[in-house]
Structures are given as structure tokens and as C-alpha cells.
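You will see chain A twice below: alongside chain B first, and alongside chain C after that.
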Partner chain A sequence: MINTHVTIQSMVLEKLKNMPLKFNFWLQILFILVFALVLFGPIVNLLIWTVTEVWYFPHALPSQWGFKYWHQVFNPYSNVSSSLFTSIIIAILTVCVCLLVSVPAGYALSKRSMPFRVFWMLLFLIPQAFPNLTVYMNIARLFYEFGLNGTLLGVVLVHSIHGLMFSVWISVAAFSTTDPMLERASRNLGAGPIYTFFHIILPQAAPGIIASCIFVFLESLDEFTGTFFVGAPDISTLPLLLYSASMEGNYQIASITALILLVPSILFMLIINKFMSPEMLSKLGK
Partner chain B sequence: MHFKISKNLWLVAPAAIMVAILFLYPLCFSLYSAITLDNGSFTLEHLHTSFELYSNDILFTILIVLISVILLALLSTIIAALIVLSPFRSVVLILGVLYRLPLFIPFIVTAQMMRTFLAKNGLMNNAFIASGLMTPMDTVSFLGWSGIIITFVWKQLAFSTLLITGAMSALDESQIRAARNLGASRFKILTQIILPQIFPTLGVAMVLSTVTMMSVLSVPLMIGTGTPTMISADMAFRVNSYGDYHVANALGLVSYAICAGLAWFYLRHSLKDKGATA
Partner chain C sequence: MTQLKIENLHAGYGSKMILNDFNLEINQGEMIALLGPSGCGKTTLLNALCGFVPASHGEIYVGDRVITKLPAEKRNITMVFQSYALWPHLTVAQNIGYGLKVRKVKTAEIQDRVNELLVIVKLEGLQNEKVTSLSGGQRQRVALARALAIRPDVLVLDEPLSNLDAKVRLNVRHEIKSLQKQLGFTSLIVTHDQEEALVMADRIAVLNQGKIEQLGTPEEIYRTPSSAFVANFMGAENHIEWQNDDNTLPAKSAQQIYFRSESVQVTVPSEKASSLSNDVHFDSDLTCQGHVLQSAFFGHHYRISVRCGAHTIQADHHSDLPENTPVTLRVTADALHIYNNQVETAAHHVPTSFQSNK
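Then we have the complex of A and B:
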């Protein structure tokens, strides 16, 4: 009798000891649950709107579902397909411009002997350190004088300046990982500097450079502010179309456009998730 | 050797020239245009006009940015601390995947999502009604200042948490282990060992987030309905409707000042910390 009493008492004590840990566990689970709801709520709402045909105020869910607006969007004569085409062309051209200037810059800056290396690195950081809305406004004014407003070239240039920071910084990191001994060996064996660069150095840095291209591509695809000032109304990219559809209250078209913009972003996230650990990010720029 | 250095300079030149022409020049021009008349003489008239017309919006912008930054700092520290310190592996794994979700969702898509989600008949209110927490009559639209804050925090949380988690996991683990062996609770480890060391990263994340919030035009245009609105929307309006670059640039000057103010606050604090330990 006494024995059982003692064991019960010890069991209760044991439970009490574990209590804070268990309590903490459920608290953390609750936090995750709320966090997930907050994260997924807007995404689910967007997905519902893409397949909504009729949705009036007091109803919790649409009263009529369907793919009517998808047909409208993917009609070859719709604005969406032409905007998608423009967006992709601009993004590809932006990647080309960024590659052209940032590969040589990244290679030169990866050398520790580069004079004023910190200054150059900071120079490419500046576009991220100032609110760029004001700058885009004045670029639009500048471009107006040269007749670049509303042209493809103008939009590509604005997107490039935005993407340059990513492409330069990631290229520097990529070229820093290359083995200098291989370069020296190639030169000693009689290869020219240009041959060595394209056959020995560039292949080693390729993964990083491809990552920077993906970044620049996505940034260009999603860019709104610069296109709004420089491109509109002649150049219509997907973000501009999304904006005008949404302001007209055409939420189905806006949501489907948003979903189209989401697809490359999510694909990219799945690919890059492996490369982009927080540990690696803390090493970037060193 | 000299030849090599000049060759390297040539390689950097195209990118540097691009930044100079397409960023530095417009940046300097915006400063110049904000404080000069058309004939080039110095004036404070544009700044005066912008304060007269938009002082409410300036105040509103500062409030939105401050509230968002405080919420961001709090939430991202909590999430990062959970990831680094939580004893439950499942919690760490789920949270590690979840928080990165908005990282690659574009701002314009986020704005569209929130425009439907936070509206009077949006999914959020509908969920509250369905769960019995509200009646359809009580619902309010969150489009406005609270919507702007929610959107900014929702989107920027991924970025700032990524930076802070990185800083936390780069810390010397032996310190945490030593503190734990000496009997410190997890909360004490967070506040007394981890937070003081990641303060610089936290500051950088907040300053960068502020710059982003001041540059995003789609969110105030799509979420902030009516007045007052953020000055970024006012700038676009000033340029597109009146072609009035002077006042728009004066407002731009104010937006630089807001960012600089936050950066200054951060620098002063970090210098003070260094002075205290030195």
C-alpha cells in the first residue's frame, strides 16, 4: 500500500519534471501552426481566385467555379500571352547584359591584388543601399531625352542595373573558388590568357555564374517599379499587366498572372534550396 | 605587375560605368533637383511644398516603416531562435522550410494575394466567420495601413530570418554549450549570449528591409487605398499626373532621410556597444 503510494508520488514528480518541456513543445507546435496558416492563407486565396467565376460578398467560397478565365488568358490573342513573351525576352536580354559586364568584373575582383577592391565591391552594392524609386523616376527622365522611354532597350537597362549587384557579387564568389594553380599551370604549358580563361577558369566558376543568371532572370521577371516608370504604357510586362488588371478589379486575370509569375520563382526555390544554406550566405562577400 | 593592375581595371570598368551612369548620376540628379529651381539656383521651396502637401503622408510612412521594422525584428529573432535552440528536431525541420516560403515570391504577387486575402470579403474574414469568431456584419477591410504592414512583414520576414539564422548558426557553438552546462536556461542563452553577438546582422537586416520598403511601389498602390498613403505612391502620382519632378525628388530626399535615420540609429548603437567593450 505504502509502496504503491510512493511509486505514484514518484510518477507524479517525474511528470511534473517533464511538464515544462512538453508545454514548450506544444507551444512551439502552436506557433508553427499559426505561422503556417498566415503563410498559406494568402496563397490559397490566390489559388481560389484563379478558378473562380462568380464570388459575391457574403459567401465564404465562390458560388461558381471554373476555368473560364484560363481560356481567356491562354487565348493566343490575349494581353497575357504577349506580355509573357515581352517579359521573357526582357529577362533574357537582361541576363545577357549582366553577364557581359559582370563576368569580367567578377574575375578581376576575385583577385585579392585588385587595387581598391573594397571600394569596387561597395560600388556595386550601392543600388541596394538606396531606395531606388527616386532613382528610377530620374532614369525615366534621363531616358526621355534619349528617346529610350517605352523601348525594350530602356527597360532592359533599368532591369540590368537592378540585377547587377547580384550578378557581380555572386560572380566574385564563384571566381574566388577557382584554383589559381590550375590557371598558372595552363599558362606555363603555353596557353594564352584568353584560352586559359575560357577553358580553365570559366568552367570552374560556371555553377556560381549560372546561379547568378537565375537570380537576375527572376529579378527582371518580377520587376515592377522600374518598368512602371520607364516602360509604361508602351512596354507591357507581366507585373504591369497584373497591376492594371488588379486595379480594374479583374481579380481572376490578376490572380492567374500572379500564378504564372509564381511558377518560375517556386521552381527556383526548389533548385536553390540545396545551395542556399544560411551558413553559405554568411560567407558571401568575404 | 603594373600592366596587370591596369588590365584588371579595364575588366571592372564596364560594370562600374553602368552603375555610374544609370544609378549614381540619377541619384545625384535627384538630390540636385530637390533643392534647385529650373534655372539652377538654390531653393527650399520644393521641400516646403512637399511638407505642406504631404506632411501627413510622411508621418504615415515613418510610422508604417517603424512598426514593420519592429515586428520584423521581433518575429525573425523568435523564428531564428527557435530554429537554433529548439530541442525538438521536427519543429526545427518544419520551421526551416516554412519561413523561406515567401523569399522568392515577388512583391507584386504578394500585393495581389494580400489585396484579395485582407479584403472585406477575403479569405481571412471568411475563415473567421466560418469558425464562428465573427459575424459578416463585423468584418472590416484590412486594406490600408495595417494591410501595408502585414504585406511588408509577410514578405520581408523570410529575408531577415535567413540573415539572422545564418548569423546565429555561425556563432561559436562552444559558448552556447558552456552556458548550458553552467545551467543557463534557453531564454537566458538567447538574450545574454546570442542576441548581443548577432546585433550587427539584425541591424543590417532591418536597414536593408527599410530600403526595400521605401522602394516598393506596388504595395502602397495596391494595398493602401485612400488617404493617407505612403510617400512612394505620392512620388509616382506627382510624376505621372503633374510631371512635377522637383517635388517628387524632394519627397525622394525625405525617403533617403528616413533610411539614413534608421541607418544612423543602428550605427550609433553599434558604435556605443563597441565603445563600451573597448
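Then we have the complex of A and C:
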């Protein structure tokens, strides 16, 4: 009798011990599911739309699947391919413009002795301080006077204004972390300031500058508002196309475009992961 | 033949002058050690020579070339930096050959010179390593080879050994010295380690607050330090202020007596301790009686602290002495460095053999 008593007691104990664990376990599962739904729900929806040919409203799933719209998108004469091309050209040019400004500016501003240092640094932040719309509307008005509206150059400039904030600030950080003694050692061995800059200082700052380029590239690829005000309707980039496609209710084209926009982000994420050590990235903030 | 000449040099940071009216001449093939406490301006002097700190007044000559106003890259004075300042994105060979590449020397020639230097500094086979994978001692050698590659007129070294551990430091110290003898370069080496200066230098300049206190051969500096500061800095850690009780003197004068702990002869008297007074006597020799405060093992001797009246004296002794042992200390006249507070009046009390020490 004592024996059974003990077994019952131990069973109860066991149950009590397992219960909170099981409860926790199910709670966790639920939490993860909800989280995944919130996070991936829209993406799953988007993925489904890319392979939909016919989908009527009350149905949970499309009634006709297929790759018809993919063919349409990757048709060399479709406006998706041409927009993709325009987008990439603009992004590359934007990176070039930002580099041209941010490398010298970043180097100059990394010197503590630079007069009005803080003022210059803040200058590149100012466009971000105002609501986007106001800034871009005014830029569009200004560009109109110079005949820049609707030109590739105009759009590149608008993207650069946005991108410069990243590139200048990150470049300043990158140059600030270079050891001034390395520069001295180079001068000491007979190299002039320009030779020293290209052979010693720039290689030290390169990881940060590459990171800033990637940011600028991605930002430019995703940029909508500025392009809309300055470029539309003559210049069509992927985000603009996405916008008009969804306005027209062409969700297939919009979804595929969105998917295409995702590719460079993931690609660069992998590059950053592969080529940049966390220490390097952590230095950026200093 | 004078290779480097610094004349009335004034240099500093902004309005803060660190070097005031600095003068120094270095002969061809000579190694001079700049010795001085932290913050006395050693690095500032090297930076002024290399063109990193502007000279506000005075001239610097290399041979008969005036370099005072030249930019850093035109001076042909190379520096071995305290932090080495090697370029992490370049290999060992690229670091060493950099100065030659800048001078547009042909690639094959650069390679020959780099290989030659790798042999000299004993880094054969490491030419393709990244400098970040080298040990401290190896980095030091790369820095040295890099500075020597362009055959500079003058080589300056800023505490080249301070980042190395004790054993490696001894090795590298000897290597730098023998390299200097072998290659015959003119050099100026900064250190705050007196032993390093004694071993390596042909002449030593002891610096204090941006001024040379004494310039001389290691023997001169060690044996006949010209001031209390030099004596103290060169390891004469015992200091006694001897108050002159000679009433015939016009003013009360004190003599500053310095001596090393190893020049103190320690004897343990056989009489009872009570018969000893705690006192210091200075005639031409210095004698003191006192009690042992503590004793520390220093390897080949014990360093004992002895309380003599108001003074605590450090002395080296071959064996350990328990606390409170009564001892008699004696320092012979030739081991004392004596300086006067009032140089004119107290002169007659100094034994004639010390007149030159003032």
C-alpha cells in the first residue's frame, strides 16, 4: 500500500514537473507561429501572387497558377526589364557621385583641426531633417528651372542628396579610425601627401567606404519619392513601376518587381557578411 | 664630421613650447641616446627633426643641407615609431620596400634590397607574411628594416624596445647596436631606460624639461653626472642633504649628496646595538649608523633599507639581514656625487676630487 502511495505521489510530481514545461513549449510554438505569420504572411502572399494567373476575390487560393507574368516581365521589351536597367544605372551613378563627394569630404572632416567640422557634418543631415515630401517638391521645383526634371542626371542628383548622408557620415567614421601614425610613417619614408592618401589612408578606410557604397546603392534602388517628383514620367525605375502596377491592380507584376528588388539586398547582405568582420563594422560607429 | 646639427631649436605645440633653445650635434656614424623622464620632450624633438612638429625658431642641418622648413617627405631622416606603425594591408616585403617604391626604384632593385635587409634583420622567409601575423620582436625588425631601406641620412628611434618583453628586448638591443656598428648609420635613439642608453649609445644626452642637462660618453654620464638630476636619473637613488654647520660661511648652505646603493659598504658591528647612535657623518667619506628597516631579494644581492636618523638609505648587501639589525654604512669619497645649493659659497667644503662634478 505504501508502495502504491509512493508511485501515485511520484506520478503527480512528474505531471506537475512536466506541465509547466509543456505549457511553455506550446506557448512558444504559438508565439513563433504568430510571429512567422506576421513576418512572412505578406511575403507568402507576395510569392503566391507572383505565380498566379487568375485569382478571384472570395477564394483562398488562386484558381489558375502559372508563370505567364514572369515571361511578360522578362520579355526584353517589357517595361520591367527597362526599368530594372534604368534603376541599376541610376544606382551605380549615384554611388559614383556619392564617392566623389564623400571620400574627400570624409577625409577632410575626419581631421579634428578642420574648421566648422560639426557644421559641415550636419549639413549633410539637413535634408533628412525635413519631411521628405517637402524637400523633394522643392528640389523638383528647383530642378525644373535648370531643366533637370525628367532627366537621368536629375534623378541621380536627387538620390545622391539622400545617399550623401550615409556615405559622408560613414566615410568620416572610416577615416577617423585610421591610425595617423601610418600616415606619418609614409610621409617619413618620402611619400607625398597624395601618394600617401591613395596608398596608405584609402586602403585603411576601404571597408567602411565599401559599406557606405552598398548602403547608397540599396537606398537608390529602393528610392521612390524623389524619383517620383523629379523623374516621373520620363524616367521609370522599379519602385515607380511597382507603384503604377499596384495602382492599376496588376498585383502579379507588382509582386514580381518587389521580388526582383529583394535580390540585390540579399546579395549585398551576403557580401557584407562574407567580407566584413564585425569588428570592422563596429568601428564605423566610433 | 658632423652629420646632424640642431641649432637654437624652438619647437612645441601651438603656443606651448616644449623645446627651448635646443642644441645638439651628432657625428657621422654615431649613435646618441636621448635619455629623460616621461614628458621631457624626447618625442617632440624627434618629431621636430622629422618635420611633424614645426620649428618656430632655430635651424636643423643634415650635413650642410638646411632642412628646418622642408616637408616631412623631403628630409631623408627616417623614424622607427614607438608603435612601429607598420601598414597592415601590406606584406613584410612591401612594407620594407615602400620607401624605395616611392622613390621609383626599379622593381628588381627593390627586391634585391629587400632581400638583403631581410637577411640583415634576420627575417628571411617572412617576406610574404602580413605584418599583422608577426610577433612584437619581428614587427620591430620590419620597422627597422623599413627605415634603413632608403639609406637615410639619420635614423631616429622612438623607444624602439619599450613594447617588447624583457628577454626579447635584450636581444634586439644588441642587434640594433651591432647593426649600427656594421652599417655605420647615424642615429638618435630615445629611451627612458638608463641601462639601454649605457649599453647602446656612443654618447648620451640626458634631457630634463626640454633641455640637455648633460651630454657625454656613457662613462662620463655614469661616473661624473654633472647635476643632481642626472645623478638621480642615472641610478644614484640615495640622497642626503648635508647641512653645513661651519659658521664661518657667509650663508647657510646645504650640500646635496647622491650615491648608488651598490657603492654602500655594509658592516654589522660586533658591539651591542645600544652603543650605536643613529647618525650620518660626512667628512670626505660618508658614514652612517642605523637599523635595517627591510630587506628584499634582488637575485645576486639583497637590497636593504636602512634608517639612519632622518634618512632612509638603500644599500646592496650579499646576504639577508633581519629587521632592526644595527648596521654601519660607509660610502667612499669617489662614489659620492656632491652638488651645492649655493655653488659659490660652499665650494671649499667639497673635496678637491669632486670639483669637476659641479
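Note that the second predicted complex is superposed on the first by the 235 of 286 C-alpha atoms of A that agree within 3 Å, B and C clash if a C-alpha of one lies under 4 Å from a C-alpha of the other, contacts with A are read in each partner's own complex, and residues count from 1 in each chain.
Going forward, a contact is a pair of C-beta atoms (placed from the backbone, for glycine too) under 8 Å apart; a residue touches a chain by one contact, two chains touch by 3 or more.
Predicted model only: the values in this text are computed from it and were never measured.
Q: Do chain B and chain C fit side by side on chain A after the overlay, or clash?
A: Superposition result for chain B and chain C: fit.
Q: Now for A:G192: first (chain B), second (chain C), both, or neither, which partner does it touch?
A: In the superposed model, A:G192 contacts chain C only, not chain B.
Q: Is A:Y107 touching anything from chain B or chain C once the two structures are fitted on A? First, second, both or neither.
A: Touch status of A:Y107: first partner only.
Q: Check the residue A:V51 against both partner chains and state whether it touches chain B (first), chain C (second), both, or neither.
A: neither
Q: Between chain B and chain C, which makes contact with more of the residues in chain A?
A: Looking at chain A, the partner in contact with more of its residues is B.
Q: Quick one: is A:L153 in contact with chain B, with chain C, with both, or with neither? Answer first, second, both or neither.
A: In the superposition, A:L153 contacts neither chain B nor chain C.
Q: Could you tell me if A:I89 is touching chain B, chain C, both of them or neither one (first, second, both, neither)?
A: It touches nothing on chain B or chain C.
Q: State whether A:P203 touches chain B only (first), chain C only (second), both chains, or neither.
A: second
Q: What is the contact status of A:D179 with respect to chain B (first) and chain C (second): first, second, both, or neither?
A: Touch partner of A:D179: chain C, not chain B.
Q: So, A:W120: does it touch chain B (first), chain C (second), both, or neither?
A: A:W120 sits against chain B, while chain C stays out of touch.
Q: With both complexes placed on chain A, how many Å separate the closest C-alpha atoms of chain B and chain C?
A: 9
Q: Could you please specify the touching residues of chain A with respect to chain B in the complex?
A: Touching chain B: residues 21, 25, 28-29, 31-32, 35-36, 38-39, 41-46, 48-49, 55-58, 60-61, 100-102, 104-105, 107-109, 111, 113-115, 120, 123-124, 126-142, 157-158, 160-161, 164, 168, 218, 221-222, 224-225, 228-229, 239, 242-243, 246-247, 251, 254-255, 258, 261-262, 265-266, 268-269, 273, 278-279, 281-282 of chain A.
Q: So in the complex, the part of chain A that touches chain C is made up of which residues?
A: Checking each residue of chain A against chain C gives 179, 181-182, 184-192, 195, 200, 203-204.
Q: Could you list, by residue number, the parts of chain B that touch chain A in their complex?
A: It comes out as residues 4-5, 8-9, 11-12, 14-16, 18-19, 22-27, 29-30, 33, 78-79, 82, 86-88, 91, 94-95, 98-117, 120-124, 126-127, 129-130, 136, 154, 162-163, 165-167, 169-170, 208, 211, 214-218, 221-222, 232, 235-236, 239, 245, 248-249, 252-253, 255-256, 259.
Q: Mind listing the chain C positions that touch chain A in their complex?
A: 50-52, 71-74, 76-79, 81, 83, 85-89, 98-99, 102-103, 146-147, 150
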